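A, B, C, D, E and F label the chains in the order they appear, each numbered from 1.
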């Protein structure tokens, strides 16, 4: 989890288009034909979002927008905020208003909430596995198409930090770039000449020889790819605080402590956003009507 | 995997908007500043999409659209088709053309391809676990917001079948609907009166008593929720071919065989679309230029 | 008309994009230059939507959204609900608020309301022509591009029911499909293998011989195309309750009774959505300002 | 019909968004499940668009875009152009290419083509009813939401002309504007002061007294609403060529000759765009494969 | 400036999409990372929009929408209305509410407001330079892509008037059209035959000989391109009130008086919309929190 | 101008939506009624984009897309590339194909090209005024709503560099942030804790005392706001290479040399994107047909 006081929500203007699209995807051309046929229009209901696994919650704003877009008379009262560590059975929010609308919006609300809470929970698990070390956990550009902004937000909710948001906000020079440029020095020089002063430059290295060459060029960060903890420790020694040291390569909560122990500044983890399992959250309808 | 001869691709008019949005999400406001700075505009490259894990592939059309939208001069030649069972090291496609554009589109192409191949692979694993049984594996509405059409397609690529695509294409009466209606009979009657003749009606039941009541009402399908294999077998006996028997409730490749053995027609599995891990697919740049 | 208590409105999230687009189409690049020049900004007005022909009303929600989007200070109070049978001179709603905005939104509101009420009225006319028979009236996919969801809703408002909403929610095997497949049995087998368990299968037949072949295959519904009432009666006898019997082919309020008399379950009518005339509804400005 | 040499097609950039939206509306979330299951992917077909009623055709470009968007390998060869008067059995175009795609796009193509040809045919019927008179037939803003541009185009294809395209391209002062302004002179003065020099001003009048007042103000056009042919003739005499004389009010092919005979310049007809029936056009599949 | 009582605001349905797009362009994928990190979520602030140069204001509605879309709890109280002549130091509006949201929306609000006020100010400067003459100042189609509606509105706010809004609302025959048609008479005849009765026709002329030919054809307006004041005066004499006389060609506040003196009806000025400098408007945060 | 070999074009997927929107804005609901009426559909034309002022060109891709979207048969052959310094009379490109489409697309193509070339030209003027100094010229977030990506590109074409693209890609701490945080140190600490490792932090300072405090905090860049050249020189001495020194505050080609002389790394200039005048570029139609 994160400090819920410092986690900033994304503005609604960023979230609403995602929720509108998701609702329309579910409503199709005829809407919720089951609830429309069975639930009286004037029936009021109160229900609760309840978590069924331990984890960290993220996405409550998106859930709230889903209910509000279906029926502005539905009220969702939060019991916790995004970033909170929660326990099975804990109520995240109560929802009250027209029962038909609540049932119609339920799945869309849960699809956002369960997925993003899954991302936050996965992040928190790896963050807590390296507690006491200075390393931050960061996510990558390996995200679900269309959901990058909110997945990156969920990583922050889980206590992680964000790497690049896209191809345009930082330079990351990979092996192919170097091969084409004909060497690290040329690649870095071109990147420095071709980008603005607010853009950081990071270079991916596979060997310590490459790393030493990179350090002579004065870049902002180095991506140490698929190195063993021992090699990482040696790399950190070479870098010696002159650049951000980032470890990468299929790191899990099991392998993370050794990586962190090596002294890196960052551990980047792709599965947070491309392979997290959902956090199980459901709706408990105590009494409808 | 599925029979690749019977798997129909989705029309490009359905896929292109997803790929455009994903590319713009990654390009941001300045585009691929790394490749633009380092890769000469006239450099040609040939590369290959290579799979690194055993699995079933899905999403090659989306990858191809990503490359084509970035640069129409990029050519992607398929070595396999969606639905193919693949082995580590196997080439899925070769991509040739302007190297800068290939690098720019790479992550978006892979984000679709790795995720959807993950969904197909997960589906295939559970499908093969019940080989020899009549049961089909189906997915649910627990999908990633915005990606339902392509995730459902990936399930088909993995040899599964699709349940409802949304709230509007079939009736699924759950416990809350029944509670509000004041009984199963009323709920079914309202659903039948309120929907069209091409809409099937399914009812969720938790007990065999409920099941017997439902069978007297003549519905199209019954969702047997969270029942043990023994209870499922008893349920199948009660249904006796008069409706489709669907089993549901956290079914995994481990538990699926017993469920299938019970004689159900369908096994519905939420995690295929909400919690599948990616299939590891990468780009191998043999020689750039 | 329909039972207005059972007609469910479509969620605003489905309707609002249609109304926004229609308003922008009418406002163009300069807005309502006539009212802007002539009507003082602070003038308040009260007006009424009045129907000038007997019919059934549909589309009041769309009209209300049109006024609200132009000026949230405009209030529209409904006197009737969609699905109501109305008489010439009857007030459907009163509208009060800034006069300029009312005049600006008027045509867009009426374009939706008059057209959809026309669809509902056309539907009601054919529904009432077969009163006492079991047959339901259904519409087709022959709809105005972009308006399918609301036209199908208007059919429901008129007491009709809906056939397929698109190419994806049911199988309808036509003569061309059969010809290509090389026979009805093959076509049905492929359809059954290729689609999910919640999808119904209907086959179009022109002759009783075809019908008998289809009945041996156990499909959900049969489309009896362009058959005489006598032939329809014979077909119904062959079907004998084993599938839904649907009659199709230029059926009008004049010819519908004989078709219904033949005992079919459904009468499908394309002109409801492609050729309905508007219901004449206008605005009566008693006093402006 | 119109002179097909002078009818200009609308640019594809205006048409394509309409066709994309219509295709997606029909494809839903799973595409054409019937054709996908039954039609082999490599089957080629040739078919023809054939008209079944006398009429005037409009919308061939939209049909062509529908086929091309579904599959760029489908070729549509035009036998006639929009604006052509056609007879039952006449081939409008031949379509050849992958049979599956042709079947998938067929309904969307026909929905545009049949509706717009219906508008063109309705227009042509009233235009021909007044042949020999100087009056032009014009349409109104009573259009199908979202389809105004193409409906107005269809009116041109039918030999008609266009009135305002929206609220912003001309001033039309109606009775309510006059009542609020406190008189015709004030309303016209405000309109003239408040709009640009390329904007024409038209005033609606119900009586000859109003007409005489309007003529003293020097407007561009006068809308003579719901006047008898005799009164129209008198009005035309008062106007005496100093403004465009437009007759309005439920004019049909039956009543149009008398209206035209009265000497008006324009006859405006709402039903062309809000209540036209389709022109019956179908696909004839001679041989598929 | 204009008479602020007669300047009509554009409906919010036209403005909101522009503001949403501008906010998303600025928020990117992570939002306002500076304010989110530094400004406490519950801090309230009051600030003012203050003008720093003399000018005419336009765009306050767009600014208000920007703040409201970021946080509906932000209130913006107008001190002046669009079209007001303002002095350095004058407060245009006060803004109060959550400080974080105010800072986030500030730049987008100012980008609209400063640009449109710049357009209004430029317009007012040329309008006032010809005070006492009958000529109106009009803008052209040389606008910033995507901003035409609001730029044209800003011209009205500055006391100017609008020429065509696009290619479709009036005919403007230029030299190329004439050359292709083979003469002015043919071009005008084709235009008259090909367009509706509510469309005005204007012809561009370079010489007095052309002008005399045009006047014989009875067009609505004549564009006198790049003529000297003396030649313009002669042209006005030839026109003699039979058409609108419009002068065009790099007219500035310095050259405008002589042009107006020549007696033209309109002076059209491209730089109002393509090259206006901003009006300097800033936010003064007296006290935050 | 810039080195045209290093200026990378933006991918078409980023540009096309802008051009589509601009074309639709100009085409309105009826298209180019003048050209449609006058220019024969089969007339071919050849024309040239010719510059009429000295400057630097930018936006040729956008112009090419405009012509191609109106008619794919129009060919545009570039004579120069974006970033080229051009002289009056120089041909930028020749355009050939259907004359009607060329005329229809002309204004949209020119609106992009003239504006962006104006931005590039303004940038080049200030860049050349400081030739020989190390300072780079950068633009700001004071951009035309909706055009930020292409304006920033035009700045690069003019030889400038880019500052932040939005609120999310770098931290810029201004006086208000500092005041609210209760001091520079707190503000910087919060920013560092709240943002990712690839994000640079810049702080705005008005005094040298503030600057000294900031330098003790180790930020990436300092914005020296509204300082005299003498004060800037002193500031550069204090910074002493430990951070990027950026000068800001109404800098013009006249004042820029003294600012550059002071030794700053960057000169940021708002008017490049908010107040540049167009570069005059026109179409020369040698012979049409």
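Simple rule for what comes next: a contact is a pair of C-beta atoms (placed from the backbone, for glycine too) under 8 Å apart; a residue touches a chain by one contact, two chains touch by 3 or more.
Since this is a predicted model, take the numbers as computed values, not measurements.
> Touching chain D and chain E alike: which chains?
Common neighbours, chain D/chain E: A, B, C, F.
> Which chain is most remote from chain F in terms of Cα centres?
Measuring from the centre of chain F, the most distant chain centre belongs to C.
> Report the inter-centroid distance (CA atoms only) between chain B and chain D in whole Å.
Going by mean C-alpha positions, chain B sits 44 Å from chain D.
> What whole-number Å value describes the gap between the mean CA coordinates of chain B and chain C?
Spacing between the chain centres: roughly 33 Å.
> Where in chain C do residues touch two or more of the other chains?
Expected reply: 6, 8, 25, 27-31, 36-37, 104, 148-149, 162, 165-166, 168-169, 193-194, 199.
> Please categorise the chain-chain contact pattern as a line, ring, star, complete graph or other.
complete
> For the complex, which residues does chain A have touching chain E?
6, 8, 10-14, 148-149, 152, 162, 165-166, 169
> Chain F touches which residues of chain C in the complex?
Against chain F, chain C makes touches at 25, 28-29.
> Note which residues of chain B are touching chain A in the complex, please.
Counting only chain B, the residues touching chain A are 18-19, 21-22, 25-40, 43, 99, 103-104, 107-108, 110-112, 114-115, 118, 141-149, 165-169, 171-173, 176-177, 179-181, 187, 190-191, 193-195, 199, 271, 274-278, 285, 288-289.
> In their complex, what parts of chain A are in touch with chain F?
Against chain F, chain A makes touches at 6, 8, 136, 138, 161-165, 168-170, 193-200, 202, 220-221, 244, 246, 265-266.
> Could you pull out which chain E residues touch chain A in their complex?
Counting only chain E, the residues touching chain A are 20, 23-24, 27-31, 36-37, 41, 69-71, 100-101, 104.
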